[in-house]
Each structure stands twice: as C-alpha cells, then as structure tokens.
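Comments concern the structure below.
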Amino acid sequence: MANIRPVGDRVVVKPAAKEEVTKSGIVIPDTAKEKPQEGVVIAVGSGRLLDNGERAAIDVHEGDRVLFAKYGGTEFKLEGEEYLVLKESDILAIVG
Amino acid sequence: MANIRPVGDRVVVKPAAKEEVTKSGIVIPDTAKEKPQEGVVIAVGSGRLLDNGERAAIDVHEGDRVLFAKYGGTEFKLEGEEYLVLKESDILAIVG
Amino acid sequence: MANIRPVGDRVVVKPAAKEEVTKSGIVIPDTAKEKPQEGVVIAVGSGRLLDNGERAAIDVHEGDRVLFAKYGGTEFKLEGEEYLVLKESDILAIVG
Amino acid sequence: MANIRPVGDRVVVKPAAKEEVTKSGIVIPDTAKEKPQEGVVIAVGSGRLLDNGERAAIDVHEGDRVLFAKYGGTEFKLEGEEYLVLKESDILAIVG
Amino acid sequence: MANIRPVGDRVVVKPAAKEEVTKSGIVIPDTAKEKPQEGVVIAVGSGRLLDNGERAAIDVHEGDRVLFAKYGGTEFKLEGEEYLVLKESDILAIVG
Amino acid sequence: MANIRPVGDRVVVKPAAKEEVTKSGIVIPDTAKEKPQEGVVIAVGSGRLLDNGERAAIDVHEGDRVLFAKYGGTEFKLEGEEYLVLKESDILAIVG
Amino acid sequence: MANIRPVGDRVVVKPAAKEEVTKSGIVIPDTAKEKPQEGVVIAVGSGRLLDNGERAAIDVHEGDRVLFAKYGGTEFKLEGEEYLVLKESDILAIVG
C-alpha cells in the first residue's frame, strides 16, 4: 500500500472483512452497546508524548490482529481499500 | 480459549453465569442504581502508562473472582462464550 | 463475612442500620441537598495509583465509623447483608 | 462535641447563626449570584494528596472564622447542632 | 476594614465605583460579551498549591488596580462596602 | 497608552482596523466556522505557571502582528481605542 | 507566501485541491462520520509546552502531505489561497 505513518499515539487499522471475522473465532453480538470490531494493525505512530518530552512506545505492532472500539476512529480509503486511523486507547485487545 | 491480550489498563472478564453467582454469596439487589456484576478475570493488560513512561502493574490477576461495574465494558463472544473487556478502574473488588 | 478486597482507591462500607445511627449522635437532615450516610469501614483497597507508580495509603481504616456521600457508591448484598463499594473520596469524615 | 475528623482535603464548619453574622461585620447581599456564608472551622483533614504521595497541610485552622461557598458542602446534625463538611477549596477567606 | 485573608489562589477586590472608572481611562463597552470590571486589590491569598506542595506567589499585589472577569467571583459586604472574592485566574490585567 | 500589564498567560491585543487587514494580505472568509481576527500585540503577561512554580515565557512579543481566535477574549476600551485581553492559547499564528 | 509562524503546538496546512487528492491515492468516503481531509504542511509552531518548561518538537514537518481532522481548525485566506491553522493533535497521519 502507499506509505502512511500515523502521528503521535495513532494507529492505522484495516478492518476485517466479514469472512475474516471467523479466523480468531471472535463474534460481536448485535446487541452490544458499544460494538467492538476486529482488524489488523497496518502502521503505528511514534507514541504518546509524555510530560518529560519522550514518547511512550505504542503497545501494539504492525500485523497484530486487534479488537477495537469503532467509536472515535476516522475512516479513509486507499487504493480501493477501507482503513481507519484510531488512537492507541481505542484498541481494546490483541487476539488470535 | 483463543489467545487474547488486553491492551494497556484493560482486563478481560468472563461474567458469572447465574448459577455461579451464589458461589461467593454475593447478591446484587435489583434496585441498585449502578448494578455491579460478578465474573472471573481471564487476562490482564500491561497496565496504565505512567507519566514517567513506565506501566503500573494491574491490581487484579488472572483467575481472580471480581465484582465489576458493567457500565463502560465492551462485550464480545469467543467460541460461543460471552466476555467483556473492561478498564482496570471498572473492577470494584476481588471476592471469594 | 466472605473475603472481599476493594481494588485501588476503593473502600467497602456497611451502612448503619437505623438504630445504629444514634450511636455517634449524627443526624442527617431530610432537607439536605446531598444527603450523607453513616457506616462502618469493612475493607480498604491498596490506595490510589500515583504518577510515580506507588500507591497512596487510604486515609480510613477497617472498623472506622464514617460519614459518606451515598452518591457514586455501588450497592451489593453478601450473606443477606447490604454493603457499598465507595471511592475513598466519597468518605467525608471519621466520626465517633 | 463528639469527635469528628474530616478525610483528606475536607473541613468541618459550624455555620454562623444569624445573630453571629454581625460579629465580623460581613453582610451577604441577597442578590449575590453565588451566596457565601460565614462560619467557624471545627476540624480539618490531613490535606490534599499530592502526586508525590505527601499531603499538603490545609490553609485554614480550627477556630478560624471563614467565609465559604455553600454550594458543594454536605450538611449533617450532631447533638442538635448543624454542621457542614466542605472541601478546602470551598473556603473563600478567613475573616475577623 | 476588618481583617480578611483570602485562602489559596484567591484575591479580594473592591470594585471601582462608577466615578473611579475614569481614573485609568478604561471604558468597558456595554456590548462586550464577557464584560470585565475594574477594581483595587485589597488582599491576596498564599497562592495556588503546586504539585510539589509549595505555593506559587500570586501575580498581583495589594493596591494594584486591576481589570477582572466578573463571572465566577463571590460578592459580600463589609462595613457597608461591597467586595468580591475572585480566583487569581479571574484577574485579567493590572492597569493605571 | 495608559500602562496595562496582562496577568499570567494573558496577552493584550489591539485588533486591526478594516483598512489594516490588507497589510499582511490575510483575508478571513465570512463563511469560516470559527472566524479568526488579525491584530497587534500590545503587552504580554509573565507566562503560564508551571507545576515547578516557574513561569513559561509567552511565545509572542510586543509588536507582533498576530492571527487570533476572537472567541474567549475580553474586550475593553482605553482612551477611545478598543483592545482585547486574550489567553496565549487564543493566539493562532504570527503573520507579516 | 507571506511569512506565517504558528504559535505553540499549531500547524498551518494548505488543503489539497480536488485534483491533488488523487496523488497519494487517498479517497475520503462521503459517508465517513468524521471526514478527514488531505493537505500539505506549510509551517509548524515551536511545539507543545511541557510541564518542565521545554517545548516538544512537533511530529510533522514543512512539506509533509498529511491527513487531518477538519474539525477544530481555523480557516483563513492569504493572497487568494485558503489555509488552515490546526493543532498538532488534529493531524492524523503523514501520507504519500
């Protein structure tokens, strides 16, 4: 894909297509109040800026299959594929 | 279960089925304003990021039977079982 | 009672039954905007997480008779008795 | 009075009765948006918890006659007398 | 006037009477959204509590003629004169 | 002009008259959601109070031509001229 | 262009004209809740003020092609061209 580098504590995720959801066995109930979504981490930023001026390494890595809160992310399309830019804090868990 | 690692200060909990609730003797009154729920900790994250860049170890451990505030958690299903991803601060107490 | 350990800056309190209220002589006026309540501390957590990663010891102890703001606490029942999980900051004063 | 020790950055104040208000000469206009009130400090807590784990001594003392913002305080009655538990930050000034 | 010592980061100001407003030449337009007011600093507190437990000296002094945001202050009357208790951050500028 | 010293992280700005706007070539579209405005810095305060008790020097200087967010500023008139007291954070950019 | 220096943690961006959007291949779906936009960084400020009084260098540079959240930026026109002043935190990713 074209080069994309998230800024700060942001992460780019490719949401799982429907057929992929079954790979990790995770099923999201339709009745869930805040519905999470599964995807794969494509790129991570340099991390949150700490009060001492350093950046804290992001706790997920390129290629991780993750569960994330869709709320708060920003969608965009690149070469016909859909992606999301999320904050690290929107990533709930690494699965698989 | 499939491998699941919560990110940061998050915890994965398996909510107690109804028959399990009686094990610790805890009963949640139906009239409670903010109704807590009982469950078992399945996995814990690496802990909250401190301002000095370190992570604070989470105060509950895998296998702990806990009382938690349902509000704020995110439900998901894995291999037919229901789980929740919670923030450490949603865990009220360890019981049993 | 069954073992219960509050997490972080939380405290478990047994609210005073009506006949106990008179022991310390405290009376809560019905007209009070934010009505406090009296009770006894049953268990305290490990304390609030500080930015340096340590925990600050909680300022009340097991057995203390306290005045607390009911708002914000979470009720539960254990072996037929009612309890509340509160944040340390919901405890207003130690009385008696 | 019965022993009462406020917790953390809280202060117990005995509101001035109407005839006492004139002692310091302070008059609160009825038209004031946020109406302050006069009273005497009965007891002070151990002070606000700082990020380094120490507590900052409270800036008022037992016996101080103070002007305070009534909003935010919690009323209670002890041996027939009315008191308020306030946060230190609700105390506006020491008078008299 | 009777002794009055503001607490923490608070300041007591005597609002300028109408004829005094012209002394510094400041005129407040009636159309201003957040209308400032002119007055004289009567007393200052010990300053804002810092995270290291020290207090930061207040940036205005007794006798300073100041422009302040009326919003947020608390009015009171002392020996027939009107005063306001303000937070240091409500003081916009020193004039004259 | 009469002496005016902003307090803390505040800045006094003289808004540009309409004919002056063209000097830097900046034009503010009428359709802009949050309409910025151009002006000249007249005076700057001692800077924001840091947690270590020092003050951070303000990033603009007397005489700077600036673009600022009008929202949040406080208007006043001095010797027939209109001025605004703004927070440093309301200054968007230095132009010209 | 005329000289423009953003203040603090702000960045000036020239939004991409429609024909430029295709250069990096990024397409923003019309259905996106919070629609991002593409542009080029024209100038960056001295960075966010840290609690120790230093400034943290901004994570994007002049000439970077960026994806940004339009919400929160301030539009202005300079020599007939449209620009935006954004906070560094409104920049989502560097692309291209």
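By written order: A, B, C, D, E, F and G. Residues from 1 in each chain.
FYI, contacts are C-beta pairs under 8 Å (C-beta built on N, C-alpha and C of every residue); 3 or more make two chains touch, one makes a residue touch a chain.
Labels paired with UniProt names: A, B, C, D, E, F, G = Co-chaperonin GroES.
Computed from a predicted model, the values in this text were never measured in an experiment.
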Contacts common to subunit C and subunit D (chain labels): none
Count of contact steps on the shortest path from subunit D to subunit G: 3
Superposition of subunit C upon subunit F: rotation angle, C-alpha, nearest 5 degrees: 155
Cα-centroid distance, subunit A relative to subunit E, in whole angstrom: 50
Length of the line joining the C-alpha centres of subunit A and subunit G, rounded to whole Å: 22
Subunit B and subunit D: spacing of chain centres that average the CA atoms, whole Å: 40
Where subunit B touches two or more other chains, by residue: 51-52
Round-the-ring chain order [start: subunit C; next: subunit D]: C, D, E, F, G, A, B
Subunit F contact footprint on subunit G (complex, rising order): 2-8, 10, 12, 43, 45-46, 49, 51-53, 74-79, 82, 85
Residues of subunit E touching subunit F in the complex: 24-29, 32-34, 36, 48, 50-52, 54, 56, 59-60, 66-67, 69, 88-89, 91-96
